[in-house]
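The block underneath contains the structure these notes are about, expressed in structure tokens.
Chain lettering (A, B, C and D) follows the sequence in which the chains are written, and residue indices restart at 1 in each chain.
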Amino acid sequence: MAQRTSGLFTGIYARGEAAALVSDESYWLAAMLDVEAALARACAAEELIPADAADAIGAACRATERFDLETLAVEAALHATPIPGLVRALRDAVGEPYAAYVHHGATSQDIVDTALMLVAARALVVIIADARAAADRAAALADAHRQTAMIGRTLMQQALPVSFGLRAAGWLTGLDAAVGGLQRVSARELAVQMGGPVGSRPHAVAARVAAELELTEPVLPWQAIRVRPAALAAALATLAGVVGKIARDVTLLAQQEVGEVRERDDGERGGSSSMAHKHNPVAAVSALACSKRIPGLVATILAAMEQEHERAAGAWQAEWGTQRELLALTGSATAWGRKLLERLEVDSDRMAANLAQAAAPAAPAPDDPDELIDRALQAHRR
Amino acid sequence: MAQRTSGLFTGIYARGEAAALVSDESYWLAAMLDVEAALARACAAEELIPADAADAIGAACRATERFDLETLAVEAALHATPIPGLVRALRDAVGEPYAAYVHHGATSQDIVDTALMLVAARALVVIIADARAAADRAAALADAHRQTAMIGRTLMQQALPVSFGLRAAGWLTGLDAAVGGLQRVSARELAVQMGGPVGSRPHAVAARVAAELELTEPVLPWQAIRVRPAALAAALATLAGVVGKIARDVTLLAQQEVGEVRERDDGERGGSSSMAHKHNPVAAVSALACSKRIPGLVATILAAMEQEHERAAGAWQAEWGTQRELLALTGSATAWGRKLLERLEVDSDRMAANLAQAAAPAAPAPDDPDELIDRALQAHRR
Amino acid sequence: MAQRTSGLFTGIYARGEAAALVSDESYWLAAMLDVEAALARACAAEELIPADAADAIGAACRATERFDLETLAVEAALHATPIPGLVRALRDAVGEPYAAYVHHGATSQDIVDTALMLVAARALVVIIADARAAADRAAALADAHRQTAMIGRTLMQQALPVSFGLRAAGWLTGLDAAVGGLQRVSARELAVQMGGPVGSRPHAVAARVAAELELTEPVLPWQAIRVRPAALAAALATLAGVVGKIARDVTLLAQQEVGEVRERDDGERGGSSSMAHKHNPVAAVSALACSKRIPGLVATILAAMEQEHERAAGAWQAEWGTQRELLALTGSATAWGRKLLERLEVDSDRMAANLAQAAAPAAPAPDDPDELIDRALQAHRR
Amino acid sequence: MAQRTSGLFTGIYARGEAAALVSDESYWLAAMLDVEAALARACAAEELIPADAADAIGAACRATERFDLETLAVEAALHATPIPGLVRALRDAVGEPYAAYVHHGATSQDIVDTALMLVAARALVVIIADARAAADRAAALADAHRQTAMIGRTLMQQALPVSFGLRAAGWLTGLDAAVGGLQRVSARELAVQMGGPVGSRPHAVAARVAAELELTEPVLPWQAIRVRPAALAAALATLAGVVGKIARDVTLLAQQEVGEVRERDDGERGGSSSMAHKHNPVAAVSALACSKRIPGLVATILAAMEQEHERAAGAWQAEWGTQRELLALTGSATAWGRKLLERLEVDSDRMAANLAQAAAPAAPAPDDPDELIDRALQAHRR
């Protein structure tokens, strides 16, 4: 489904740059044209097409404004892929004598899959940046609240004393682990697809396109072997899951009856349409609104691994919109999570008061949290 | 996420009217304003607000072009709901002396939930129409091919003779059952939400709003009791699942090695970007591209039933975009399924030839399919 | 996967009778033999086999202890279905001269699908009984606490006053709606499958088997049209979702900082392995442990609707274990939900104290909840 | 849910050693006792308990037959965890004077999480072994069929020539990638949990337990930070997804109308209960029966990442049975996939005949597949 970056629900579902990047149709168009241009350069370097043809194709690909999304949409429905229409339009734009060199030896899947990887690579940059900023903020909270005692809670019941710094250190390790996973995906799984119609194209062109686009060089074309899309989806879900955990904690700690944290009013949050006295944890709620939509999308990507022969009839096409949603919603969850941590106010007096009232055994000094917090901070700095 | 009805992938994911209806932000805006207008009329009828105020509010709600989606999106992010911004804008539009009567006694959830039900009701009309047209076409195929013998296939192996008419009759019963399910949801589950801030508003206003909007009157406000959204999602998924089954059969029967059906070239389907000789089953592939995205979305809706207290912090907000996707993708799958059945060509000679070559036991006359086909056709006509 | 009704985790995942019914392999065996016996009687009534053969088969089917599950498991792996081995064993048990009349005109799918429906029908009886008992208890709470004022909470923040009776009335409407859904499934969707190898068997035998087993008579054999399994899964998930909502509320209200409800110590609940002072909401936690496993299982059933030709290669076989889990876990969630409501203690003093401390606008008398509670109670009694 | 390794469906769902390992309750019991024993040794080494106590505890833990699963199941339901009952039984077994040193400083979650990691580590050994054997067989097929020409198929239509060796090389890269993922999880993600009641236990004991059990040492206790269970689930799903892709290809190529491969009759596969002439692809169907159950289970694990405070009320407990299913079903899918590849017969004559009849452009020599196949084989050998 096509998406705009504005609308009634996009304030919640599309915070941050990633959502904007993957939701904007013109961005996908640009990525597809980037792939066609890189393909032309690779073919020229391999002496499969004239160098002048590659130049002409490259120039046409940069003029993205000349491509009409409405027309492309209509043609996409004729073929169950947007590429035939795009190639036709690109050939028109290139004109004679080089039109015939457009899309040389390629197939729709080469362009769509590689464009998806390119879009993912660009979105991951901003998602990782937001996640790292969130982790930095969690680290600061862990460091600042090493000795801020609070009652630990298990099965949603008061248990034994712990420190808020250690809670924040836990958030930090989760964010760090999720960032590490996305970095590995970015470095290893985002590979070009350049196999030609049935995945048998020699590797040389793929290698050159990978270098052009700064994507990974795969062992083979991976047309119906969908390990890479699954790895991307799983890594995104891990980050969203960690953000969801943090947001859930904040909604619980921000209950008035608990009152141990709140989202600071930074001019970007508001009250209720019917209850002016309420102080809703808007960032936490919005982060959860996004993170809760992720697991079902991952199930779709995993179920779509069962792809027929050299190119699937349905399962592949189901991935496109699903990966877009995964990138957009994880990006939005992360941007909300970052905002949440940035505006988080900790009420250590209330923590102390709750702890004093807890039915925990008298004076079991909490284990000294410094050692554990130091471990988390050191791991974060690496 | 906001959606447009054009774009690189929307040709596939957004066929038919339903996708357009639910994807267009202005349509949601109109539905929300319809709810505010109906609420005002109900409050006037209950003598809670002046009749003149209801008239003024109604007039302002009809002027949907005066509301700016960009501004509403920005404000939605401040509150984790678009309603405070909408109410502010509506009050501006109504002006004095009636601005204060806007949204009388209501809360964000009243408007969002009721608008969702309204959007769903309207989308279901076109989804059901497409599904019924598809069923009619399946019925025609069943009737026309009562005695068109083919080899039945189980576990993807040739088994025993059957008739293509009986296969089509099976499709028909699936479509009919799915339509029945959607009709029951439409008649019974699409209920107004009008409980006020904590779900305790007396029933009279809800009853009047239900009558105004032709929605179901619930026993109670159902704020955090999400049986209705779950019922909607399940009924949509059932239809999409039946369409997916039909499309899967067509991709299998249309393999050149089988050759028993094909999608007729009706000027709206095309070939491959790299292989001009190919004749892809575009409608079947596109139907599957949509239907395969449904089960994961339903899992999201079901997991979101676990909602806290009087209004959930995250689970409710996660439903909005998910229900939109469910409606759009089921609508698109169904429109593709209808197209598929309309353009389906049956090659009875090839069926006979495949049957003759099958290793099935010599001459096991197929059971006479007429009785079963008649049962399916009679059930369809009811 | 085979399941026992005892084990390290079964105390949590397999409470109540339903889990035992569907988890016990011998119970499935008995259901399959019930189907074979009913088939034999139906064939005799249709004069397809001798009446004496039906008697002999019926007698052999009742002697379930003579069938060895280990042997059947080994043979099931040879065929991707347990039926060939079962038929062989049943023929051995029947002996001459009637062995050849066993499984007359039937196929594996007839027996497995009909046995699943039979198992589901029997499990639904106990699941519905537990759900109705839970609903009765919710009704009693609603009635008893009509005027027990508490602070309503939205987005996990204190909002406006409401009554605990109204909260319980909401639970009641959810349980009642879920029971209604399961009753409709029980009455309408649990149909015999009796189509023979390729689904073309005339209806007469199916009609007689349906009458024998008190299952629904379908329009056609529904071999690869999986609307019925989907309807069963969705109705189970709806009940589990409602139970999950109630259990989530209880975990929240039972937090010591809130303290408005607790699970009474009825001798069947205990403390922590490390913290003797803790009073964990065991029933609520266990109900959630089960309900959270449901949505993913439903996604599996829905994705499995895409079944090939006359019988699917994989999707059908994936349903068996999944439906078993759905029945067992929904049954266990419901049994825990019933227990939860039976042992729920309401602390109206604490509710009053929390309400008095809430920052809600001074003295906004709650809407009178009696009208709404009466609506819920009346609907329940119908 | 507790599982046995025999039963009506286990022939399909529980092939191979992994399913047996994780399904056997006594195996889980042994793992939990291994953790208690390792904890005792670690505490003794840290001089927290007497060395003699550790010896006595270790001896009691080795006598697993003295623990009664029925009793433990009953007690598990009292606490929503099996550990209090296990600790009680272990203390009884240890007797005086050392009973009090059992479970020193630990909490239920320490034992359950670490035991899960231990069970997973052991199951991964056999799953990886089966996956590597399957990959070896795919490599042999790729090497043997480098020049076995076949028609490539995209969107389930004949496209252009390719070689069967290249298809097998694609399977190989998928299996290799999935094995790599599981090896990384095994080396990095399977970490001890040893945080004590609220996750604040100093690291020294955790480090020693990790060394004892050959598990990973985590930065911090990861009680409610569920990145590790998510990583395990995702890696399992990736392998199952690749196996599902291979099995889907085999069901398609084994259709009689295509006839390019079949499962060899190795004495362990059979025909139909009603159609003796059929030759069903039993391994492929069974692999798909397992692989199709995975995506929904992963969605459950991902949704369960949203865990409250120091220990979740429901989400954690929902993981246990789900991870067990993931391990068992992925193990079974992989064992079936290995069997499938071992018994696969390739009909190169039929491939040539289908290719000759294909409407592909005259004589487009396939790209020479040797380079690509060599790349896959070299990557496999590394």
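General observations
Methods note: a residue touches a chain if its C-beta (ideal position, glycine included) is under 8 Å from a C-beta of that chain, and two chains touch if they have at least 3 such contacts.
As the structure is a computational prediction, the values presented were derived from the model and not from experiment.
Of the two chain pairs examined here, A-C and A-B, the one linked by more C-beta pairs in contact is A-B. Taking the mean of C-alpha positions as each chain's centre, the chain lying farthest from the centre of chain A is C.
Averaged Cα coordinates give chain A a centre that lies 28 Å from the centre of chain B.
Chain centres here are Cα means. That of chain A falls 37 Å from that of chain C. Each of residues 80, 107, 153-156, 159-160, 196-197, 244, 248, 251-252, 272, 275, 280-281, 285, 288, 291-292, 295-296, 298-300, 303, 313 in chain B touches at least two other chains. Only residues 80, 107, 109, 152-156, 159-163, 166-167, 169-171, 173-174, 177-178, 181, 196-203, 218-227, 230-231, 234, 237-238, 241-242, 244-245, 248-249, 252, 288, 291-292, 294-296, 298-300, 302-303, 305-313, 366-369, 371-372, 375-376, 379 of chain D touch chain A when the two sit together in their complex.
Only residues 153-160, 251-252, 254-258, 272, 275, 277-281, 285, 295-296, 299, 303, 354, 358-361 of chain A touch chain C when the two sit together in their complex. Of all the residues in chain C, the ones that touch chain D in their complex are 1-15, 19, 23, 25, 28-29, 32, 69-70, 72-84, 87, 103, 106-108, 196-197, 244, 247-248, 251, 268-275, 280-282, 284-293, 295-300, 303-304, 313-315, 317-318, 320-322, 325, 328-329.
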